[in-house]
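Next come the structures, one after another.
Next come two complexes, and both contain subunit A; in the first it sits with subunit B, in the second with subunit C.
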Partner chain A sequence: MVTRALDAPPPSRGRQRARPGGAGASIGLGIAVAYLSLIVLIPLAALAWSAIGGGWSAFWTAVSSPEAVAALRLTFEVSAAAVAINAVMGTVVAWVLVRDSFRGRWAVDVLLDLPFALPTIVAGLTLLSLYGVDGPFGVNIAYTRIGIVMALIFVTLPFSVRAVQPVLAALDRDMEDAAATLGAGPFTVFRKVILPNLVPAVLSGIGLSFSRAIGEFGAVVLIAGNLPFKTETASVYIFGQIENDNSAAAAAASLVLLLASLVLLVVFGLIESRVTRHAR
Partner chain B sequence: MTVRLSCISKRFQEHVALDDVSLEIPRGSLTALLGPSGSGKSTLLRIIAGLEDPDAGTVHIDGIDVTGVRPQRRGIGFVFQNYAAFKHMTVRDNIGFGLSVRRRPKAEIHSRVDELLELVQLRGLGERFPGQLSGGQRQRMALARALAVDPAVLLLDEPFGALDARVRADLRRWLRELHEQTEVTTVLVTHDQEEAMEVADRIAVMDHAHIRQVGAPRELYDDPSNPFVMEFFGTVNRVGDAFVRPHDLKLERVPTGADGAATIERLVHLGFAVRADLVQDDGHMLTAQLTADEVADLGLEVGDSVAVAARRERVFLEGEGI
Partner chain C sequence: MRAKYLLRGLAGVYLAIVLVAPLVFVFWSAFRHGLGPFWSAISTPEAVAALKLTLITALVAVPANTIFGILAALALTRRTFRGRRVFGALIDLPLALSPVVVGLALLLVWGEAGWFGPWMIHHGMPVVFSTPGIILATIVVSLPFVTRELVPVLNELGVEQQEAAATLGASPLHIVWRITLPAIRYGLVYGIVLTTARVVGEFGAVAVVSGNIAGQSQTMTLFVENRFQAFDLVGAYSASVVLALISVVTVAAMRMLNRRGIR
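Moving on, here comes the complex of A and B:
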C-alpha cells in the first residue's frame, strides 16, 4: 500500500473578494446606479404606476377582460412553442457550426445574425410574402398561430444558437475521448458528457428567447392578422388599446408581460445556478 | 507482449508524424515514449488507444489485432495531460463512469470506487467536484478513473505536464509505487528525460517520426546507439569525432600557452558539483563537470590553462549519424 500522503490542500475556492475601494469606486458605483435608474428602473416604475395607479380593481378588470386574457394566453403559448423548437434546433445549428467544417460555414455564421440585424417589421413582411396567400411555396400560414410561431422562431433563433455556440466551442474534447476510452459509445458520450455541460447555455438561450418572444411586435403584426381572440398577441393588443385611447388597459397588459419576463429571468437564473453548482 | 506495434505510419496532411514505427511493450512493464515535441510520441500513444487510426501498420493488444477497433472495445485506460475530468460529475461519479457505462450493479461500483479512492489517496473527497481539487488530486482522480475498468494497458499522455515541479516530483515517485502494486502494463509519454529515467523501466527514444533506440534507462545513458540519444540524455562535448560527457573530461593544470591547452572561462558552483566552461586554443567550447573537491585540489581558477583528456568517449560510425 502506498502510505505517503500526497494531499495538497485544495486551492481556496472563495469568490473574488471586493478590494477596499477608494473614492473612485464610489463614484463608479454612483454613476452605475444613477444610469440604471434613469434607463431601466424609472420607466419600469412609471409603467407599474400607470398600470395600478387606478387601483387594484381597475387593474384586475383590465387584465381579466376576455380579449386581454386571450391575447396574453396566445402570447405565452406561441412563445413557448417557438422557444421549445429553437432550444433543440438552435443547439443542432450550433453543433454543426462548431463541430463540422464545410464550405461556406462562415457565411452561415454571418447569416445567423440577420434576424438580429433586420428591422423586425421587414422580417414580418418577408415572412408574409413567403408564407402568405400568394407565397411561392403555396403554403398559406398567414393569419394563423403557426404563422406567429414561425415569426417568433425566426427572430429568436440567434439567441438559442449564440448562447450554445461558445460553450460548445470551449468544451474540452479530451473529455469526450476520455469517455470513449472508458467504454462510452457516441450516444452515451453525448447524453452523459456533452449535454450536461450544454444545459446551462441552452437554458440561458431559452430565457432570453422567451423574454424576446413575448414582447415581439414587428415580426408578428403583419403575419398574425391580429384577429381578436384568435391571432391577436399581447403586444399587438397593447398597441390596439393605446390606439383606442385605453392606456390603462395597455399598461395593465404591459405589466403582466413585464412581470412574466422578470419571473422567467429569476427562475432560469435559479435553475442555472443549480445545474452549474459544480463550477462554484 | 501486451502491445505489439508493427510498421505504423501516420501523416497529418503534409506532416509525417510516424514513419514505419515498430515497438513491443512487454507485459507488466512501464515503458516511456520519450522525445522532443513533434517527435510523434503522443500520436503513437493515441494510435494504441484507438483515438487515431494509423495510415499503415497494425496494433496488437494481448495477441489480438485491434487495428481499426474503436477505443471503447480495446480494454485500455487513458490519462490526459489536462486531466479531462468530467466537470459536472463528482469525483466518485468520475471514477465510476466506466463501470456505470458497463451497467455494473450500483453496490459493486460503489465498493470498487471506494477501493480506488483509497488507492489514489483521495479518500473522503468522493463527493467533491473536480473543480474543488488541486491539479495533483485531479490527475490522481483521472488515474483512478482509468484504472476502474481494469485495463490491459494504461496509457499516460504527459500526465504531469500541467503540474508544478514539486507536485510533479511527488507524483512520479507515487506513480512508480502504484505501478509496482498494480502491475498494469503502462505506457507513459513524456518529453522529460529525467522523468522517463526515474519512472520507466524501459524507454523508447523518439525523434522525427522514428524510434531511435529502445532500452533500459541505464543502457540508453551508458550505451547510446546514436548521437541523438546521447545528446538527448544530457550535455555532450564534441572532441574531434568523439562525444564525451562533461563528467568524463579530466582536467590538469598546465603552464599558460602550452600546446593544446584550454582556458577556464567560467566556474559555476552547483553545490557538490562544479561546472567549468572551457575554451580551447582553436576557439572550441567545452563543458566539464568536476566535484568541488577536485576543483579545490587542483586549485583551479578562472583564467587558468588546463590540459583536457577524456576518460571515456564515444565515436559513432557512419550511418549512425544524426
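Moving on, here comes the complex of A and C:
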C-alpha cells in the first residue's frame, strides 16, 4: 500500500502531447512542489542537519549512548513481537471474515476500521484503564513491555487484516477442491495451496505494521510510562530529549528511526514482489 | 467442521480482548455515573477551548491538504516531469515518520532556535507553541491521504473525456470543474474523511510543537492526556468519548462511500 500506490506508470508521451491546459497545470504543479517543500522537505533537511551537521562522531556519540541504544532496541523488540502476533492472528481474523459466515460478520468488518480512526491517545488510555492497575480484570500491564506490545497490536491490527483479506477473497477455490479430490487433508491444503498464495499479502502487512509500530507514540506513551532502560521506546525517548532541550540527540535517534522505517518498507516491498513473481 | 469453530472462536476472543473490550470500557467509564458528570466534564472552559482549537485546526488543515492533494494527484497521473518519483515518495513519507519526529523537524525549522523561527518571532508571528504550529504539525501528518486516494481513481479514469472536452473548446479550469472533479468525487470525499480523522486524532506531533497550555494551545487529544495526568479520569474518559464518537462517524462515512463502489 504505502510503497506502491503512488508508483503508477507515467502517462505515455503521445497522450501527454494531446493533454489540454499546459500553463494552468504547470502552475498547479508549482504550487504543489512549493507546498511539499515547505511542509516536508525543509523540516526533514533541518532534522538531518541537526543530526549529522555536527559531524559523524557527534552523531555516533548521540545514537550510541546507553539510553538511546536501549530505547531503539526495545522499540524493535516490542514492534517485532506485536507484528509477529498480528501476522498470525490478523490472518486468522481475515480468514474468518472471508471464509466463515455468521450473523454480525459485517459488524466485525466495520469494527476493524476503528483503530485507523480512533485517536492513538484514546487507544492508549482505554487499554491502560482496562488492563492497568485499577482495571476490572486484576491484570496490570502499565509500565510493562507486554503493555507496549498490546498497544502496538491495537494500532497495527487493521494493517495485518486488510492486507490479507482481499487476497483471500480473490483466491480461486477450484485449486483447493482439486487438492482435496487428490486426497489432501484440510491442513495439507492450507499449507500447500492456500498459504503460498497468502505469503506476499502477509509480508506486505508485516512491512506496513512494522513501519507504523516503530514510530508509534500516542498509544504507547501512557502505558510505557517513562522508565529509561525498561519501558522507554524510541519515540518516548525522543520526546524526552526534546523536552530536555537536547534536540541534537533527539534528531540523531529520529534519523535512525526514519531510516529504519524506510528500510523496512523497501525490504518488505522487495520480498513481496519477489515472492509474487515466483508464485506466478 | 471443528476447525471452523476453533478459528471463529480464536478470532472472536482475540478481537474481544484487543478491540471490543477497550472500546466498550471507554464508553462505560465515561457514562457510568450518568450523563451529568460527562456533560460537566466536557463543558469546562478548558474542554470547550480544546474542542474549539481542534475544530479550527481541522478547518485549516483539511482544506489545505485537500487542495494540495488534488493538485499533487493531477500532477502525478497526468504529467511527466523530472523528479516525479521523488515527488510521489515525499508525499508518502509522513506515513513512515513517527509523529514525534515530525514535531521535532518542525521545531528545528520554526522553533526559537530553528532556521526560520527567530525571524518569525521577531516579526511577531511565533509558529511554535501557538496555533499555527499545531496546524502545521497536523498538516504534515495528514498530508498523504487525499493524494493516495485520488491517484488510483485518476489512473482508472484516463484522459479521454478531458480530451474530448478540450477539443470542444472547454478551458482547463472548466474541464477540472465539470469533468475531473465530478468523476473523482467519491475518492475525493474518502480522502477528505481519512484526512479529517487523522487531523482530529493527531497527538505526538502536536504534543511536541504546542507547548500544551490548558485553554490556549491544547487540542482535544492533548486535553485527554492532560486530564489523565491530573488524575481527572472522568474528564479524560469523557473527552475520549467525544473523540471516539468522531471516529465512529468517520468509519460510518467510510463505509457508506465504500458501498457506493469506489473501492
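Rule of thumb we're sticking to: the second predicted complex is superposed on the first by the 231 of 280 C-alpha atoms of A that agree within 3 Å, B and C clash if a C-alpha of one lies under 4 Å from a C-alpha of the other, contacts with A are read in each partner's own complex, and residues count from 1 in each chain.
One rule holds for everything that comes next: a contact is a pair of C-beta atoms (placed from the backbone, for glycine too) under 8 Å apart; a residue touches a chain by one contact, two chains touch by 3 or more.
What you are looking at is a predicted structure, and each value in this text was computed from that prediction instead of being measured.
Of the two partner chains placed by the overlay, neither subunit B nor subunit C lies in contact with A:107. Looking at the superposition, the partner that touches the larger set of subunit A residues, subunit B or subunit C, turns out to be C. Touch criterion met: A:184 reaches subunit B, while subunit C stays clear of it. Of the two partner chains, subunit B is the only one that A:172 touches; subunit C does not reach it. Taken together, the two complexes place residues 2, 5-8, 10-11, 13 of subunit A in contact with subunit B and also with subunit C.
The touching residues of subunit A, counted against subunit B in their complex, run 1-2, 4-11, 13, 172, 174-175, 177-185, 188, 192-193, 196-197, 277-280. Partner subunit A is touched in their complex by these residues of subunit C: 3-4, 7-8, 10-12, 14-15, 18-23, 25-26, 29, 68, 71-72, 74-81, 84-85, 87-109, 113-115, 136, 139-140, 143, 147-148, 151-152, 155, 159, 162-163, 165-166, 170-173, 175, 194, 197, 200-204, 207-208, 220-221, 224-225, 228, 233, 236-237, 240, 243-244, 247-248, 250-251, 254-255. Within the complex formed with subunit A, the residues of subunit B that make contact are 49-51, 70-74, 76-78, 80, 82, 84-90, 97-98, 101-102, 119, 121-122, 128-134, 136-137, 140, 142, 145-146, 148-149, 167, 170-171, 174, 177-178, 181. Put simply, subunit A touches subunit C in their complex at residues 2-3, 5-8, 10-11, 13, 15-16, 18-21, 24-25, 28-29, 31-33, 35-36, 39-44, 46-47, 49-50, 89, 92-93, 95-96, 100, 102, 108, 110-123, 125-127, 129-130, 136, 150, 153-154, 157, 186, 211-212, 214-218, 221-222, 234-235, 238-239, 242, 247, 250-251, 254, 257-258, 261-262, 265.
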